[in-house]
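What follows is chain A paired twice: with chain B in the first complex and chain C in the second.
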Partner chain A sequence: MKLNRLLGTAALAAGLYGTTVSGVQAADLEFYFPVGVNAPAVETIQEMVDAWDEAHPEHTVKAVYAGNYEETTTKALTAAQAGNAPDVAVLLAIDIFTLVEEDVVAPFSQMATSEEDKAWMDSFIKGFTVDTVFGGETYSIPFQRSTPIFYYNKDAFREAGLDPEKAPESWAEMIEIGKKLVKKDDAGNVVQWGTRVPNLGLAGLWLLGGMVYSMDGTLTTDSGTEVQFNTDATLSAISFLKSLAEEGIMQPGGVTWGDTPKAFIEGNTASMWTSSGNLAFVNDNAEFEWGTAFLPGGNHPGASLGGGNFYIFKDTSDDEKAAALDLVKFMTSPENAAKWAISTGYVATSEAAWETAAIKDYTAQLPQALVARDQLPYAYREVATFQRKRVAQIMADALEAIIAEGADPKASLANAQSEVDKILADYN
Partner chain B sequence: MNKPLGISRAIALLGVPLVLLITFTHYPLLQSVVSSFWSKGTKIRPSKFIGLDNYAKLFDDPVLAKVMWNSLIYAAVTIPVTVALSIAMALLVNSKLPGRALMRLSFFLPTMLPMIAVANLWLFVYVPGYGLIAQVMIWLGLPDINFLGSSETALWAMMVVAVWKEAGLFMIFYLAALQSIPQNLKEAAVLEGAGKARVFRDIVWPLLAPTTVFVAINAMLNAFRVIDHVVAMTNGGPNNASALLLFYIYQVAFGFRDFPYGATLTVLLAGILGLFAIVQFKLLDRRTHYQ
Partner chain C sequence: MSWPVRPTQQIGTALDHVAGMTLAAVLAVLWGLPLLYSVWTAFHAEKYSVQFDLTAPWTLQNFVEAWNAAPFGLYFINTVLLSLMAVSANFVLCTLTAYGLVRYRFRWAGPLFALIMVQMLITPEILIGPNYLTLARLGLIDTIFGVALPYLSSAFGIFLLRQTFKTVPASLDEAATMEGAGMWRVLWDVYVPLAKPVYLAYGLVSVSFHWNNFLWPLIVTNSPEARPVTVGLSVFATVDSGVEWSLVNAATLMTTAPLVLAFLLFQRGFVDNFMRIGIK
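Let's turn to the complex of A and B:
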């Protein structure tokens, strides 16, 4: 670190004497990142960071794996409050309100001001940039983004006499096709369910958000201060979700997120709704022919977006900010975005990344991966507000009460709505 | 024969543990009490002094009511069951049955595993459809149970895991205690015509009392202190059905970032544990014979 400072000073001195044109100051960057998938993500990040480091001998960068999303956010905020903020971090896109409220991040829109920079910021797929903006400023750059898609077992479709190239598009079709996919043993116990939609916890809420969006509603608005939970759109989504269990298509009660890919692989369910991040897992483990499709929707397809973006922290020098900006540009370049998507299953974030040779090879081998990109026009940000965790927890609790305890949907939604309104009243 | 210690050396010897105790126990607790009088603050909305508002909120928090109730059931069930099971296992492996060493090992094995590993193991046991229990149920022609996905069963499923994990450790303490019970007491009782049940009730059980005090206190601490399995298996759900007090504190402080309310809940937890400890020592001590 010291050596780099010295080198930086030397470079500056040299610059003053006019012997070099390098105007860049040395920066020591600290970069926090989380891992939320079953993939060699740490190695890939390290590889990409090392490549940047090599290309910029005047700078150093230390990539710090900081746990899951929640832990990484906690660590970054704690470090920032102790005056030791990381320079750059990948944190949940929807943590933007928390980070703004804690006043720890610097907007990209004020750092990346050249024409070239603006073109770069415009190069990301529109759906992903919705949750980067607050109060007219862009605070983050899309990086590791995911969206749920519909996975189905083509062999099971054939066995049930269904067309394996035709996945259900609407909720009504899901129920009709789902019924045909259910298989029972002699004792009447189900050995293969029609589908599996996780409905517990924040993952359950993530999927519910997409269903609501397919009914032309949104659970939260762009302002971060408004929740629209107690609506007809939410009620129809919940009644569809409940009908899956009532019609015997899905395991009754709570359906966990974590067991879902395994249940699909084991043949316990003929289809599932889960993240595009599971493509690699399913591809490696499925012993049957499988396909992917848009999530079945109400009025039209609909899905939530999830995942993390790059943030640059406020409490760093201008030189460090400039270096951090350069690092973020490098990490999100089409080649690196493609590399990242291929090794992890995240959805590449720019059109240019989808045009690279690497990703074309990948989708030629795994055409199922294209569905996540094609579904993006029907996808919208997940639940995001100020006090996000508390607000989302209240909403997830209400969903769980309806699913696992048979609580009345209308009353539960109304109750949760009034609780979150109380919390957000401070912000309006 | 013991020379009195010089005052300076005494201070030095007491000082080290005192510093540790103050740094890691007393100061944080005091700090919790202090911050419980403040409101949640962010850089944009600084924390304000709100007196006892956080304490008033305790009575108006439906999640806390549920969590307290869960913790109460959890402690009331897991403590006696763990004690009973660990005595039963200790008696079993203390007898002269064949395969004793294997039995000791298998009873003790769960204790050696980290709780996260245990939780992952049990996730597979409980998962509906293709989990261990589900496969047995299907084979028997019985309907499947969604243990972790229904509010009626989630907490009980957690308790089974906790008992399974802890009974083995306490078995070791009981085993040691059993082996220190003089054989002649039992023989004398048998000569007097006492049956096995009578020997256990009047000789073994009273002599195990100091161990029982120790085990009961530890089991109680663990009932409030160990939440890894809740985090790994249900995250408190469905609808807080399996959330315990310490889990809720973690959620409020680090999830919701409401540190002052988290501190208030911590004060509540410390109060409850302190109270239990006093009651246990007073009550049990009086009826316990130390050898």
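Let's turn to the complex of A and C:
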């Protein structure tokens, strides 16, 4: 190990001698990462970081597990405010506005300036780069991204006399097919629902965003200062959501995010709308034939994007920034992006990653994973504004009041709209 | 003068008793269910997490998997160190403060005590930022001592001990002083022994607080060498990919086992003391 490092240093020194005049300064990097998927994710990220460390003996890097997304952002901001910022961190893509407002991150577009760097920044799939930009600068690099897809039980489709290769594409089809999938016992209790769309909390808002997008609307605009909640697009998405329960296709009232995959593998529901991050879980646990498809949409398919990106912090030396940039390039290289996607279920972020042999083997075994990529042209950023936590909470609460308490949709949306407009007035 | 007890009153009392017991039993079951459920899921494969099939095979696989998901051995040692450090410092500092406040009725004792109590109004989360800054300046980020530092004394502990010390009869104190005991001797031989139940109760509450504390240690530590079990446990809260209850519950049982055992061992003392403190 030590010998390896020594040899590595010698080789690198020799290499440097030939190519560049300026010396490379040793950098000690600190890298915060969150975990939102099953435990092996920690191991995989550690392996990848170790591989970079090994290839760069002049630098050291310490990968620090920092909880979930929210906790990681809190930790990074607390540390940054105490002058102790990490060099690099994976944080929610939509936290860009908060991080810019707190003035703690450095734009990639000012650090990665060579032709090669620019090509690298251009190599990511377009949908994922929407939420990396603010004020003309690129602040983050896509890494662990997810998007919801439609999962369905093919055996249940067959049993209901439906074509198992034909998933519903529109909301109307969802309702028509959903009705046929509902199964009741002799006492009239539902033993199998037609579908399950989580509609509570931030997860509910995440899915609603995609439905609105499928009606050519958007809940928030790119500026981060505008919410378009009280619109016809939102109203039609909500009336579709409500009709699922009214038509007896989905359990009435609030539907939670966390219990949804379980309800699906247990046959409690014949289909579900949930994150592509559940592919591995469903694959490991489902005892029936299952498929995936685009989420049914209004005018066309539509889905929200979610997940985390790499950010580099401002308060570090230029040498550390350069080393951090190199680490980010390494972590997002096609091979590593593919490795990360395969071990976690996140959607690989570049076309090149989808061309690697590793991911081709993976999708040959699990063709259901391709749907998430193919759906990307119809996917758009999730709710993102300044003061995101407050704004998103107000919107999620309004949705919950409509769904679970039967509040009037139009009035609730209008109320929530005026509340968030007040918060965002400071930014306009 | 005594009133004859009427039969209906007797029946009423008996009914009250039955109702009381039934209510207690129902509450006990309600309270116990989550624990039973976590034991069930922890010892069964994931697919039995909602199928209560009594013939389902038992397994220890979840524990093995959970144990290997994070360096739990190290985390346990850290948590024990952290709890011991915080609790012993609390005992010493709170005892001395309470003793000073009760025995030496100096001029500003009242306002000073009020000031200490006001601290209980501040939620710990608000202090994370300032405390982090202090630790960063002291160079104590990423150390177990750094995690414990803001918790070495507590307003609640001072309050509890002050109230207990106040109930010690002045005559006991005076008698000891007459016998020639100095102030340390009086504290050690008169006040502390009388407050033993309070120490036990407060110790258990404190240990369980430090055992469960998560956000603060997560934020001020970066290395496994300084992190407590809760940080290891949080790896299982995987909302993006569906929660695996069998794994989560195996990890939870594993990390809470020492506390549950301690509670069972000290149960009598624990509950009795809490009743007494509550009544005061």
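Here is the rule we go by: the second predicted complex is superposed on the first by the 405 of 428 C-alpha atoms of A that agree within 3 Å, B and C clash if a C-alpha of one lies under 4 Å from a C-alpha of the other, contacts with A are read in each partner's own complex, and residues count from 1 in each chain.
What we mean here is this: contacts are C-beta pairs under 8 Å (C-beta built on N, C-alpha and C of every residue); 3 or more make two chains touch, one makes a residue touch a chain.
The structure displayed is predicted, hence computed values, not measured ones.
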| Sharing chain A, do chain B and chain C clash or fit in the superposition? | clash
| query | In the superposed arrangement, does A:102 touch chain B (first), chain C (second), both or neither? | reply | first
| task | Classify the contacts of A:79 with the two partner chains as first (chain B alone), second (chain C alone), both, or neither. | result | second
| query | Of the two partner chains, chain B (first) and chain C (second), which one does A:266 touch, if any: first, second, both, or neither? | reply | both
| query | Looking at the overlay, what does A:258 touch: chain B (first), chain C (second), both, or neither? | reply | both
| request: For A:285, select first, second, both or neither according to whether it touches chain B, chain C, the two together, or no partner. | output: second
| query | In the superposed arrangement, which partner chain does A:379 touch: chain B (first), chain C (second), both, or neither? | reply | neither
| query | In the superposed arrangement, which partner chain does A:201 touch: chain B (first), chain C (second), both, or neither? | reply | first
| said: I'd like to know which partner A:277 touches here: chain B for first, chain C for second, both or neither. | reply: second
| Which of chain B and chain C A:26 touches, first, second, both or neither | neither
| query | After the overlay on chain A, which stretch of chain C ends up in the same space as chain B: 57-65, 93-101 or 237-245? | reply | 93-101
| field | chain A residues contacted in one complex by chain B, in the other by chain C | value | 74, 258, 262, 266
| Of all residues in chain A, which touch chain C in the complex? | 30, 35-39, 42, 62, 64-68, 71, 74-75, 78-79, 81-84, 146, 257-258, 260-262, 265-266, 274-275, 277-278, 280-281, 285, 287, 307, 344-345
| task | Could you pull out which chain C residues touch chain A in their complex? | result | 46-47, 49-51, 65, 69-70, 128-129, 132-133, 136, 141, 215, 218-219, 222-223, 231, 234-244, 247
| What residues of chain A sit close enough to touch chain B in their complex? | 70, 74, 77, 98, 100-104, 185, 187, 189-191, 193, 200-201, 251-256, 258-259, 262-263, 266, 268-269, 387, 389-390, 393, 396-398, 400-401, 403-405, 407, 426
| field | chain B residues within the chain A interface of the complex | value | 42-45, 63, 123, 127-130, 138, 141, 143-144, 146, 148-151, 235, 237-241, 251, 254-258
